[in-house]
Amino acid sequence: MDWLLIIVLLPLLAAAAVGFVPGSQLRTIRGITLGASGLALLGALIAFCSFKVGGGLQFETKWTWVESLGLHFHLAADGINIGIILMGAIVAFAAACCADDITHRMKEFHILLNLMIGGILGAFASMDLFFFYFFHELALVPTFIMIGVWGRGANRNYATYKITLYLSLGALLALIGLIGVYVQTGAESFSIPDLIAKVRETPIDEAAQQWIFPLLMFGFGILVSLWPFHTWAPLGYGAAPTATAMLHAGVLKKFGLYGLIRVAIPMAPAGAQNWLGVLAWLALANLLYCGLVAVRQKDLNQLIGNSSVAHMGFIFLGIASLNVIGLTGAVLVMIAHGLLAALAFGLSGHLYRQTGSLDMSRMGGLLRQMPLAGTALLMALLAGCGLPGFANFAGEVTIFFAAWLAGLKTITVIAAWSALVIGGLYMMRAIRNILHGPRGDDWAKASDVNPLIATALGLLLAALMVFGFAPGLLTKGIESEVTKIVRLAKPAADASEAQATEVAVR
Amino acid sequence: MGGQLQFIQLEVMVVALGLFVLLADLFLSESTRRSLGYIAAGALGLVFLLSFRGGYTDLADGEAFGGIYRLDGLALFFKRFFLLTAIFVLVFSVDFASRLRSGVSEYLAFILFALSGMMFVSSANDFSLLFVSIELITVTFYILVSFQRHRMHSLEAGVKYLILGAVSSAFLVYGIALVFGEAGSLKFDVIRDAHAGLLGSNVFLFGMLFVFAGLAFKIAAFPFQVWAPDVYQGAPTPTTTFLAVGSKAAGFVLLIRLFGSVVPELTEQWTGMLMVVAALTILYGNLCALPQRNLKRLLAYSGIANAGYLLMGIVAQSGDGTAAILYYLAGYLFTLVAAFMIINLVTRDGEDEDISYLAGLNKRSPFLAFTLALAAVSLAGIPPLAGFFGKFLLVKSVAAKAFGDAGYFALLAVAVFGVVVSIYYYFGIIRAIYWSKNAPVETPVTIAWPTRIVLGLCVAAILYLGLLPNKPINWANAAAKIEAVAR
Amino acid sequence: MEPLLNHYLLVSGALFAIGLLGVIVRRNLLIIYMSLELMLNAANVALVAMSRFNGNLDGQVMVFFIITVAAAEVSVGLALIVALYRKRQTADVEDLATMKL
Amino acid sequence: MNIAAWLILLLPLFSAVVIGLGAFRSRKVSAAISVGAVVGSFLLTLLLIRAGGELRTSVTWLEFEGLQIDIGLQIDTLSKLMLCVVTGIGGLIHIFSLGYMKEDMDFSRYFAFLSLFVFSMIGIVLADNFVMMFIFWELVGISSYLLIGFWFDKSSAADAAKKAFLTNRVGDFGFLIGILMVWAALGSVGFADLSNALSGETAAVTGLAGFLIFCGAMGKSAQFPLHVWLPDAMEGPTPVSALIHAATMVAAGVYMLCRVFFLIDGTWAMEAIAWIGGLTSLMAALMAVQQDDIKRILAYSTLSQLGYMVMAVGLGSPDAAMFHLSTHASFKALLFLGAGSVIVALHHEQDIWKMGGLRDRMPRTYWTFFIGTMALCGVPLFSGFFSKEAIIDVALQSNLLLFLVAVFVALLTTFYMTRLFIVAFMGEPRSAQAKRAKESPALMTVPLLVLAVPSVLAGYYNAHAPNPLVLCASLVMLVFGMLVANTVYSGAKADPLPARFVWLAKAMRGRFWFDEMYQWLIDRVQENLAKLAEAIDRRVIAGLMVRGTHGTTELAGRVLRLTQTGNLKAYAFWFAIGMAALLVFTLS
């Protein structure tokens, strides 16, 4: 079965379907969105369960789109993206559940929401560079509009402009890099498998790699809020409607990281050798600096936003390690963080609806006031500071091992400090201010989550814990693919790493 | 001679149509005169269809009138392009007729005459034909621009275009004279063979640079762009559309033919200059558009920027680059027609074209709001629309030319910067449509059905060029296969 | 002394430069227009001379085209200037700056 | 047997999950599940001990080339002993809690957390590799956080929980780096593999790695300088203090050191560990002398005893440490539960100066508390005597200075425990609550009685004939301490010490101002760094760089636009200039 095609098409068809429903039929509109994302989730689950580890590309759909340029509509899953697609589908469903806070111009919102979901799933399912980029933009544009029209707060306009310009800049830089890959390989195809096959025979000219890699690194990096291009993220998420923030922070943002792993490293390994050192330091800046900034935040969304930026540091660090452990850990954290960010923004969205403010100094005792939401938030914040049992921990600890193995020792030490202590500090402060202590005065009438949102949050939590208890479900597939990438990037890796282990044992 | 005339059958039909319109004006009553534009548009549609007729396309790659007229893929592409533009502009003119006050039929006729000039330009294979047809366009445009004689803006724009256009013509002519002096002929075929040996001759270079300046004026490239904002703003909106699309495309067909096919060695030598011009054009257009609130002026600046992007295709000096220009222009045609038409409809009762008139448009007419937003998004180069794919092809062609060269990277960097800046102001348009308050006008917009059809066609084309580019790219590639470009 | 091509070119170049200068410095539209004619005629001089020295007539044919086109241009241009004068009672370009920035 | 081992681990988890998902509905069911789970684990532990022998079983959690992380169980003498302590004492404390928490509205939540804690603690005990130990290490940290902050509506409890967690995190940071270093050096994280790797000619890992690993223990076992959280942790319910902060969690650090003793043995880390242990025991004992809160006195006493154990490990005798750990677990749990019984009877009054005369009103509590005190002071034939002797003996063998410290701490221990005992239980009641106090119900006193048994007898399983010198020294200290305390406090209405030793008493009461110092450090360094980062973020990156770029761009647009003067002559002029520029550009 072409599960991926179904998964990607369902939300897009739902967008079209919503377009034909009169705007007054709110229930029908929500039903369509929920149904489509629910079915997509079901499809993703089936695909995930029937996925064969090490079986190469699966669930392929490949249609030629532009013959003369070698563009194909090519969807396929391997060990790396199957997990991300599942995560995306879960978050999409959860976002659809949490989208009921939008009542004004609801029809348009749901069209955009469905487009965004379709774009997100398509971006991660695409094996063709052009569609990879195309679907990302398809998801990005609704994001801008949703923040602009349905956003919140006084900073909305500025936030909309900032996020639009930043992300466009990042996407364009990456696009130039991708075009560079296409032009330089001479494969006359945008298909990633074709390109990889080609560079395996004849790598891209090293001088060109020195251009391609930084273009991709900074282009994709901007999309993922790499320091110092990160300030759009807390601002944008603070202004975004709940569902948008969940989808963007959770899934869409991972696109850049996915691109780094999927394209930048295998295509420009020589460039990577030169630039990954820089990336490692920038990753550290993400972790340490944004962690420190997060400590100072008074607004819950700003805190989640900054901590989410800080968490990106782990993933960058894993990528910068450029070994099997690190890349696997990076993908694992991508998935874990996706679920977590969606959870956190879903909850903050619920809180925002109660009083229209997320000022933490005015909260307090919400664990008593709203036990379900409070417990979920407690778990989310704990997962955010790396508690075992949640998937984040598995990924983060793996990345520490990888970074140490890669010889990034100073960075690992500071990163561990940032993660364990500073991360703990701001999360604990948040728990203390929001959930613990006497109840804030404004919150007397706040109500707990409704069953629909509770389902969404429960689903996210469950996924986090399933992957936390059994990360092997994901890592086996990831590892088998990542190994190929590492081998491509470091042809001598097998020998040298074995040697390293040998030395270590001696 | 009769055999040669069939090469120019389309042009003859267009001129005849123009004369017919002028004559018909005498016999028609005031009320039916309004629909004359639709009749002319319908007739042009027929001509457009005739251009696909086997008997005509069989003439492809042929030459006539001693080789001064060439009918190849490129010419054919542009003839159809201009025909389509003119059809849209004619329909548009009917919408605009009430604001012209007098001489509607003449206005239509002049559009047709300008169109014939453009169609000749696309086949020009000799400097004399080039000059005459380009002047045919320019002179008619002097009239078209200043057609609203009761409006000071229109007259002022006309005078500015007149003087500066004449200056550029003078440069063009002087350049032609110098080139003729060195190459000994006005024929492109002769110059093509001779130019490699003339690269050291300053007179030749001088001449070609003057010719380039004349054409750069047409496309509003830096440093010959200053006229565009004033003229675009002052001219009647259909004229502006025709100027922005048709006249610019006429400049590009000549640039492609001259610099792509006739003097490729010179283009190679001038790559640096072309890159600088392209980069500065992009920068100037986009930066000046930033604080702009008059929509027509905004689109004028954006038009300057787009000329810069299109010049990247010339810089690429390859079939791919040419194809990219064609693709981009095709997308540009539909986007700009839609944008200008809607701006006209929205500001119909207003003093000027201030962006604040867009407020509440999505309530006044969701269709117009959506179409204009789509046009803005396409101009901003965001997938999956025509503008994105065109920019994608342009960037790809430049990257393919020399990836890894710092100069080319600088050009690409400027292009990226320009696109980001442009997203800012295009986004401003979308913002004004969808979420700005205090709408000055709140009555629904009435749209005539032919206008509706044209807008619908534009939307369809913008989406088609963005979503299903397979066939259009093949057409563009086929049209781009002209002599000497296949380097 | 037999006149050489360069002499003709010098004359035409000077004419062109004078014309351009006129366009830039003069304020009256009519005079600017005359300067433009000067620039076109500079090209004519060059073409005729080139034609003579190249030994073919293409250039002279071109001159006819130019003269014709210039006539058309003048008729349109003068009409325009007249219309403007009627509206504003002035032919000074300095007054033509309602659209800017 | 494998199944039994897994069940020991998983029963409490099952309980926690079931109670958690049951969403705290039925109090009775929740309590029954929780108690059943821990008792079940205890019985299974006994089964394993009866079966004897060692057992190893594991499943893979994460696997890479060069890094395999298992969830594996290692059952040997060490872990069996610790399992006994955790599940046995844990079980009694569960039962005690039934009575203690009876009135609480969050009864079920309490038992869910308790089960979660037991699960995590068993995980640490059974872990057969570093990463698994780290995982459960963190889980113990979080369950302790949840339990300390159980009454989270109270700001002090919430703050204490936060403090405990963060202080532990600092230790965990060292632990993690230590694990990474060991892994990098030896290529594995499994204890068995590491031990094999070390068995050859290779020496131990570096002292730094050893010390970093010890940092983890420093946090969990509240060793100087990370000891500050433990006294505050007394904000939690008293059974929690007994379970976590006396018997099990704080002992985890010592247990871990014993588990990885083979790694650190012979490095300079050993010395550091010994000194830190000694210093902690001394400092904590001094602080205990001037506390008035019954639970705090016990908390400092715990610190001090933990210092003993850590010192023993540092001096190369994990056996003595484990010995003291097991005896200490029972009598300290007993003391805490006794204190809990008193606190409940006095309606949550914890100040010993508001007690007094409880001997007659709460006889069972009194007698069991007496046994606990005796054991802690190291009165001969009580369990504490043997284990403490063992440690002092080790100190005597290897480090005279630490021996003196240990002996002095023994004196202080006797002193403050006698003070506590006399002030709280003897004399006349000094408050209305104390007068009305009644003996606690059987649900609470039975665990006390049960715990009293090992408090007396636990020492015999490992009893050795004491070294005469050590015996003399400690007996002298014991008698001296009791006498002094008796003279000072017998019949006293308020503490006379502050009047006599003003500064010393102040320092002791002020806990040597560690909290203030840390607070200062946090304010000065951490907060200022954060402020700096935020300022940079706001001013430099979001301000100067982002808004600056935006502003410059916009300004450039506005300036460039000025060329568009609207003046035709200027346009012609630009045209000419442009032409000239192009000429210069192309022809030069």
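Going by the order they are written in, the chains are A, B, C and D; count residues from 1 in each one.
Going forward, a contact is a pair of C-beta atoms (placed from the backbone, for glycine too) under 8 Å apart; a residue touches a chain by one contact, two chains touch by 3 or more.
Only a predicted model underlies this, so the values are computations on that prediction, with no experimental measurement involved.
The minimal number of chain-to-chain contact steps leading from chain A to chain C is 2.
Relative to the centroid of all protein Cα atoms, the closest per-chain Cα centroid is that of A. When the interfaces C-D and B-C are ranked by C-beta pairs in contact, the top one is B-C.
Spacing of chain C relative to chain D, judged by their CA centroids, is 95 angstrom.
One inter-chain figure worth recording: chain B and chain C are separated by 26 Å, centre to centre, where each centre is the mean of the chain's CA atoms.
Centre-to-centre separation between chain A and chain B, using Cα means, comes to 42 Å. Here the spacing of chain A and chain D, counted between their Cα centres, is 36 Å.
Across the assembly, chain A contributes no residue in contact with two or more other chains.
Residues of chain B in contact with at least two other chains: 159-160, 163, 167, 229-230. For chain D, the set of residues that touch two or more other chains comprises 561, 564, 566, 568, 572.
Applying the touch definition to every pair of chains gives A-B, A-D, B-C, B-D, C-D.
Taken in their complex, chain B has these residues touching chain C: 127-128, 131-132, 135, 139, 142-143, 146, 149, 152-153, 155-160, 162-163, 166-167, 169-170, 173-174, 176-178, 180-181, 184-187, 203, 229-230, 233-234. Within the complex formed with chain D, the residues of chain C that make contact are 20, 23-25, 27, 32, 93-94, 96-101.
If you check the complex, the residues on chain D that touch chain B are 553-554, 556-558, 560-561, 563-564, 566, 568, 571-572, 574-575, 577-579, 581-583, 585-587.
Residue ranges of chain A in contact with chain B, taken from their complex: 64-69, 133-134, 137-138, 141, 144-145, 148-149, 157, 160-161, 164-165, 168-169, 172-173, 175-176, 179-180, 182-184, 205, 207-208, 210-211.
Across the complex, chain D meets chain C through its residues 561-562, 564-569, 572-573, 576.
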